[in-house]
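Structures given as structure tokens follow.
Here come two complexes built around chain A, the first alongside chain B, the second alongside chain C.
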Partner chain A sequence: MKRFIFISACLVVLFCLPYISAAQMTAAQILTKVDANLNSAKDQTLMTTITLIDKAGKTSARTMSLIQKGSDKRLVKFLSPADQKGIAFLSLPNDNLTVYLPAFGKTRKIASSVKNTKFAGTDFSYEDMEAKKYSSKWTPKLLRTDGSNYVLELSLKSGMTSDYSKLIMFARTSDCYPVKIEHYDKGGKLYKTITASKIEKVGNYLIGKETVMADHKTGTKTKMSITSAKFDQGLTDDKFTEREMIK
Partner chain B sequence: MKIRIFGFLVSLILPLLLVAQTDTVMTIGPNDSIVIVVDSLVVIEELVTEGEAVHEEKPVSLEWNGYLMTDDRIRIDGLKLNWQEYRFDLRSQLRLGDRARFYGELWVRGIRFPGISSASDLSFTNKILPIDIDIRELYADIYGLFTKNLDVRIGRQRIAWGTGDRFNPTDNLNPYDLEDIWDFGRHLPSNALQLNYYAGNWTFTAAGILQFTPSVLPGSDWTPAFMPQAELPEVIVDSTTVPGLSIPVYISPGILSDSIVLPQRSLKHSPSFGLKVKRSLGAWEMSLSYVYNRDPLPLLYRTHTRLTVDTLVISLPDVIYANATADVTAWLRYPVQKILGFDFAGSLWGVGLRGEAACIFPEKVMLDQTLHYDAPMLMLSRDSVLADSVALDGKPYVKFLLGIDYTFKNNIYLNFQYLHGFLHERGSRELNDYFMLGLDWSLLNSKLKLSLLNTGLQVGDWKDFAGNYAVMYMPELAWKPVDNAEVTLGAHIIDGKGASGFGRVHKNDDVFVRFRFNF
Partner chain C sequence: MKGFASFVIRFRLAIIIATAVLTAFFGYFIKDIRINPDVTTYLPAEDSAVSRFKYIGEQYSSGAIAIVIMETDEVFSRDGIAHINGVTTALREMEGIAYVTSLTNVLDIRTGADSSIEISRLIDEYDLPDTPEELKSKKDYVLSKSLYKGRLVSEDGRYATIICRINEDYDKNEVSERIREKVLSLGYDDTFYFEGMAFQMLSIFDFIVSDLVLLIPLIILLIAVTLLMSFRSARGVILPLLSVAMGIIWTIGLMAMLGIPFTPVSDAIPVVLFAVGVAYSIHVINKFNSRVTDAALRKEQSVLALSEVGVPVLLAGLTTFVGFLSFVFGAYLLIIRDFGIFSSLGILFILLISLTFTPAVLSYLKPRRNAGDSAAEKDKTNLLMRLMNKLAAFATRKRITVLILALVLMAGSIAGIPFLKEKVDILNYFSEKTDIRKSASVMNREFGGSVPVQIIVRGDIQDPEVLSEMKKLQDFLGRQEHVSNVQSAADFIEELNAAMGEGKKIPDSRDKVSNLWFLVEGDEMLAQLVNSDKTEAIIQAFMVNVENKDYYRFDEALDEYISSHNSDQVIFAKSGMPAIYSSLGKSLFYNLIQSVIIALVLIFICMIFLVKSLKGALTGIVPLIFSMLFVFGFMGAFGIALDIATVLIASITVGAGIDYSIHFVTAYRNFIKNGSPVEEALTQTIRTSGKAIVINVVTIILGFLVLVFANLLPLQQFGILIACTMFVSAFAAITLMPALISLFKMKLVKNKYIKNN
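Moving on, here comes the complex of A and B:
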């Protein structure tokens, strides 16, 4: 009988261990795991469809290919609509930004002030599109566990700059994948909300195949759907060059 | 014209045939080669030696796109339709994985007004509705030829150098296309071979063009802005100028004609080439270039004036003078020049900075002037050689550009450039200063763009600014009602004083409406 009770107790402990350890996770640990979910792939190749939804619900779509290595090398090429086809953005570390405009037939360095605007007319800012780790820019505080999500408040670290005063992040307790992030402006008002859905495992990585950014000030939304994703293809640095932009 | 269309179609079809043979190509031995014929140019491409690598390549793809554009301009002075262009742009590219690409761009345009001068012309559709077809580009890219770092482009192409926005003192390999002066920065393509070798942050470029092509000049109503004013003297009283007649001769212009002398189509006289080394340093890039070519704008180097005395007015005993007609023939040619260029672009504190400088070493050209004098009633007929003057002094001079740009949070894009030396200005004394401001405000998710402060200022003489300047104001409002479609309303307003180039064409103000649909 004692043996049965002991084994049963061990099984209960083993069964509950993940939940006990999850409950004991600190805000920093959760954010680290969020970053790991979002940035653990060495490289990624994505095909995406971006749908712009205006206040009245009218939509317009554009498609682009994106390759990324680590968190700071990215090449985006627009495939549609026709008036943007062929335009390419190369983003390298230290605000090294280059654009290729087919109409001019040459690449051009662009000033980092372009980050002041929205990315390609979407509701995403350049800052939103950055692949930098949240933990390197924001200090997390665990507000609560809300059903199946951790709710973190992220405040800006000193020395860092952002368009947002704070973020409220909802990350799944099961795997720390962020499903919603509220962005607050400098006045503390809710500015934008990004939600991720259709979260699936592709290879070794979790990916939200559909992401919607809602701008509460303008009433517009941008839906980004990933139609194809490949990870750890062994992309070399020479894929992130001006030579590749003009090909 | 038919040959051009045929050439374009052939160049598009041939790659298709090549694609159809792709499977066969894969079975050819490693050292075999295939021959691709594009617009009479022959490229020999070595096959990939490793079958595995072939399978990793991107798939073959054929893409078509282009746009339809209409551009109607009404000249404010007289409310005359002075420009109407309906352009169909068709682009096609065929990618053969990561190894090669074929690209062609064709313009089909209705740009000329009906050229009807007699009833018989009404029987020709092409005179009533003239159509022009231009092959803007047609080339083949071979990536990683001989070595993985070498890319080759061969065919009709635009070789765009320089970091400036539309104004590029170091962009000198393609001739200018000034057909539409308001589409500034447009160049003609050249039949050329271009090699690019990539080594880390360095890019080495070499380009060669065998055949000289002159620039397209703007219409006659823009000539005063680009050509120095040559005025005949109203009266000649110097007997050394008109030998044998030491009386005042009042001159009225007769027939003015010119002759363009193109360089010989030989390897010695016609080719041009350029070399460029580019280095990227983080968010900065800079390059050094050298170009040997002929100035694509013609230079006056010889004149012959035929002065015919029509009447002699004699009022004895004191006054005698003559009336004469001057027929002038001018010869123009394209002098050789060597250009050492430097450019840079980067960003500092969020502000985009760019600059270009071109040091031009021109050929020295003398202006040879001769005069033939006829006074039939006096039985005089003589030739006279006037003292030579210098058309181009051969001394090096520098044109340069500095520019900044910044994007503000409210989607306002500011672009400011300072240019010393416009494309047609030669010699350090002739270079004017230009300031260009662009301010674009994008609204409604970039569906509306207001560019109400686009201005340019030309300063001909800083010591006499008020009497020698030109201002250009080019407001625009662009609206995208749906994806791929854009309607633009705008105006081109010019004002100026003195001999400043653009001040002389201040009556060319217009308003325009432009529509563009991309597909």
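Moving on, here comes the complex of A and C:
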């Protein structure tokens, strides 16, 4: 039965695709597709290099491994530099965030009420790291089709909170993969820009292997390069426990 | 001088045109003149405390702190918190602001339920506390933590601060102005105060502008009225004003071309030049009025008049030039050096114009009919003349009384000198009534002041021993009087260590420190305290505005601490305003003594060339030394402090005051040469030259008294004091000097030059 539904869904998509891209896709349809591109894997295992670039262009690098199941279970482990090796973050549903500090040999829960705090010294805030679907938080409006990109303006749904007043998203017309998102602050000024490049297909999924977040206020940048990516490995829930953090 | 005079009259048209063209040229550049209120740029970069202050400002955006203080009935009320959040959000979004710190966005580290760490904003801007219970518990928590109490909120919970750091790449004044406008435009009914160096500089900027706009027209008006009263002719008013105005236009135009800005010292240049420089053209016009009488012989008589008046005017100008020039050498403050350069250049310009342009124009004008006669007529009945006669009688006959009085006054002055104090705090630029002083007093009372103290720490900032040394220095700072809000990254490490359940102390291993660091890495708060490599950190504290001696005492104690605690592992280096104030304070006395000595020596040399007699030169500088001792005694006795403006008084007095001695000695020697006996020559000199001196000094005093209306206090006091000194120096020239000459029967002329009657 499951297989039947999956195949039907694929067929529907295949049939509709030419019409959708040729005719006008609605803003909501585009955003749904964007979310599908970013969140459709059941699980993922990534090796990532994070490069922090300061105002003067000086860089410092760290590497981490990331495993994620669905959109709300995630374990991040830092592998280098030496004095940060072993530091791990575990996030579980309901804003449940735990950190493990190897020098202390202790885990501690972290209250993650702070959305606008930087994550581990990067230009990504905790809010940017959220695995939430864009369509659940933002209302899209199609501004224009700009060459090979749809340009969407996303405004915050009522009842939602964000550090940003609006987003301008550039998604490829060919496959709705987002290549650039501009984040505007509450004063309506451009605050941060995230750009994705080296977009490749790994298994069944599209992935931007290089992502750069630029903070226009501080002049700093953070580059995340994915060095290896695996999807749908069948990760089980016991990979997302405190015991796994300490390993 | 004769050759020069014929040249001027021969090429008079060319001179008038050239002067006009030059004035237009320099005038064009005046539009580019800048105003620089940034006090830190007044200080020499060679001073290590100053260069560190600039370095910290650039690296950690600490140079321009703008503090908004909100006064309300209760900060921990729905409105109170909402308003702080409103201001914070508005300012965070403003261009040119690097960081904003307030109750609603400060990083808070605490141990939560089930021993979790909470690293969050002290108050969540998306979920502001609004029930009485929430507000009460937030208040209790905030007031229990020294990181917030007395820093972001006052102990009584009525005042809160929103601290902004202005980005180094932006114009601090422009950003400060926008901060003030933005906060006031939010329409909150709380009272707002604007404090910190950024706003102090903004006030200095505003005051420089308003002083220039007010004082220049005022002095022009005043001098015009004085000139009208003494000359009663259009040329007598217009020509002196025009010649000085053109000289000032050249000076300011040149400043603009060279990028030299107006500062609280150099904004006095126009007023000073008007007050001092107007005399040169007056002398020239006076001479023309009495010498040029025949329209037919106008040109020849003009040459004669100019060649006669040229030398004394040139001498008067050159000595004043030398007086101003004495600031140029070895001045600690760059603004004093600039003042010296451009005021002395201004004097040269005015002198040049008065000796070329003014006679050139005069030679075209019709002679004033019977000008000489009517002046002589008036003299007989003139009140001033009667006064001069009395003075002459007093100075020569009661010479012993004069000398005793002078000695008593001198002794009194010398007694006052040890009480002379200096003032270095920027706050002293402003009168008590100004908003900036009111804000500072709120800041001092509720938040422990805003005078920054900074220490650079170099070493491995993740090394527990380095962090412990930092904590020790912080404890030392905390124990000092008038110092509060001591802070460094070590405090955050301790808080985090406590949250990990290991107590509020520096962890015992470097790995632990770097693990903890990871949690707060990249936070705005830390970027203001540690560099990204963690090889350098800043310890900062604040001091209230205090007396100089308290700044000095603190600075010395800090020096002592640092020199005994620096090691291979950690190096401390001090900066901040107390250190800078200490250098400045010492430099003021040094500057004063140095510039006075330079001025006296140079002028003494000028005098020797002029009177060709050592005795004469010594006699000539007696009134100057007398007036200088008087002014410093006066300042000491009446508590007027030595500051960046009053430090200029001595040399200006020497430069301008020597003119009186020159006039007097020159006239006296002429009388002696013509065969008058000493007493007779003195009486004649006082009656003629003395009168000119009195008129001149009254004009100068009135000119300087215009500064009483200045907004900046140093300029006000500068005006009053210089008016006093000029009076004393002129009075001494026409009483003390003749008394001395009379006592020692000095002829100041070699016998062979004396006509035998």
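FYI, the second predicted complex is superposed on the first by the 221 of 247 C-alpha atoms of A that agree within 3 Å, B and C clash if a C-alpha of one lies under 4 Å from a C-alpha of the other, contacts with A are read in each partner's own complex, and residues count from 1 in each chain.
Assume a contact is a pair of C-beta atoms (placed from the backbone, for glycine too) under 8 Å apart; a residue touches a chain by one contact, two chains touch by 3 or more.
Model, not experiment: these values are computed from the prediction.
Contact with both chain B and chain C is seen for A:Asp54 once the two complexes are overlaid on the shared chain.
In the superposition on chain A, no contact is made by A:Glu200 with either chain B or chain C. Contacts of A:Gly121 after superposition: both chain B and chain C are touched.
Residue contacts after overlaying the shared chain place A:Lys186 against chain C, while chain B stays out of touching range. When both complexes are overlaid on chain A, the residue A:Asp146 reaches neither chain B nor chain C.
Using the contact criterion defined above for the overlaid structures, shared-chain residue A:Asp83 touches chain B and also reaches chain C.
Using the contact criterion defined above for the overlaid structures, shared-chain residue A:Lys247 touches chain B, although it does not reach chain C. By the touch criterion defined above, A:Asn94 lies against chain B but remains apart from chain C after alignment on the C-alpha atoms of chain A.
When the two complexes are overlaid on their common chain A, residue A:Asp175 makes contact with neither chain B nor chain C.
The interface of chain A with chain B overlaps its interface with chain C at residues 52, 54, 60, 83, 104, 106, 108-111, 113-114, 116-118, 121.
Against chain A, the residues of chain C that register as touching in their complex are 89-90, 92-95, 107, 112, 114-121, 124, 126-127, 462, 499-502, 507, 509-512, 514-516, 518-519, 521-523, 532.
Remark: chain A residues 52, 54, 58, 60, 78, 83-84, 87, 99, 101-104, 106, 108-111, 113-118, 120-122, 161, 185-187, 189 touch chain C in the complex. Chain A meets chain B in the complex at residues 52, 54, 60-62, 81-83, 85, 94-97, 104-106, 108-114, 116-118, 121, 218, 220, 238, 241-243, 247.
Chain B meets chain A in the complex at residues 65, 67, 98, 101, 141, 143, 151, 158, 160-161, 163, 196, 198, 203, 280, 282-285, 345-347, 350-354, 405-409, 411, 442, 445-446, 482-484, 486, 516, 518-519.
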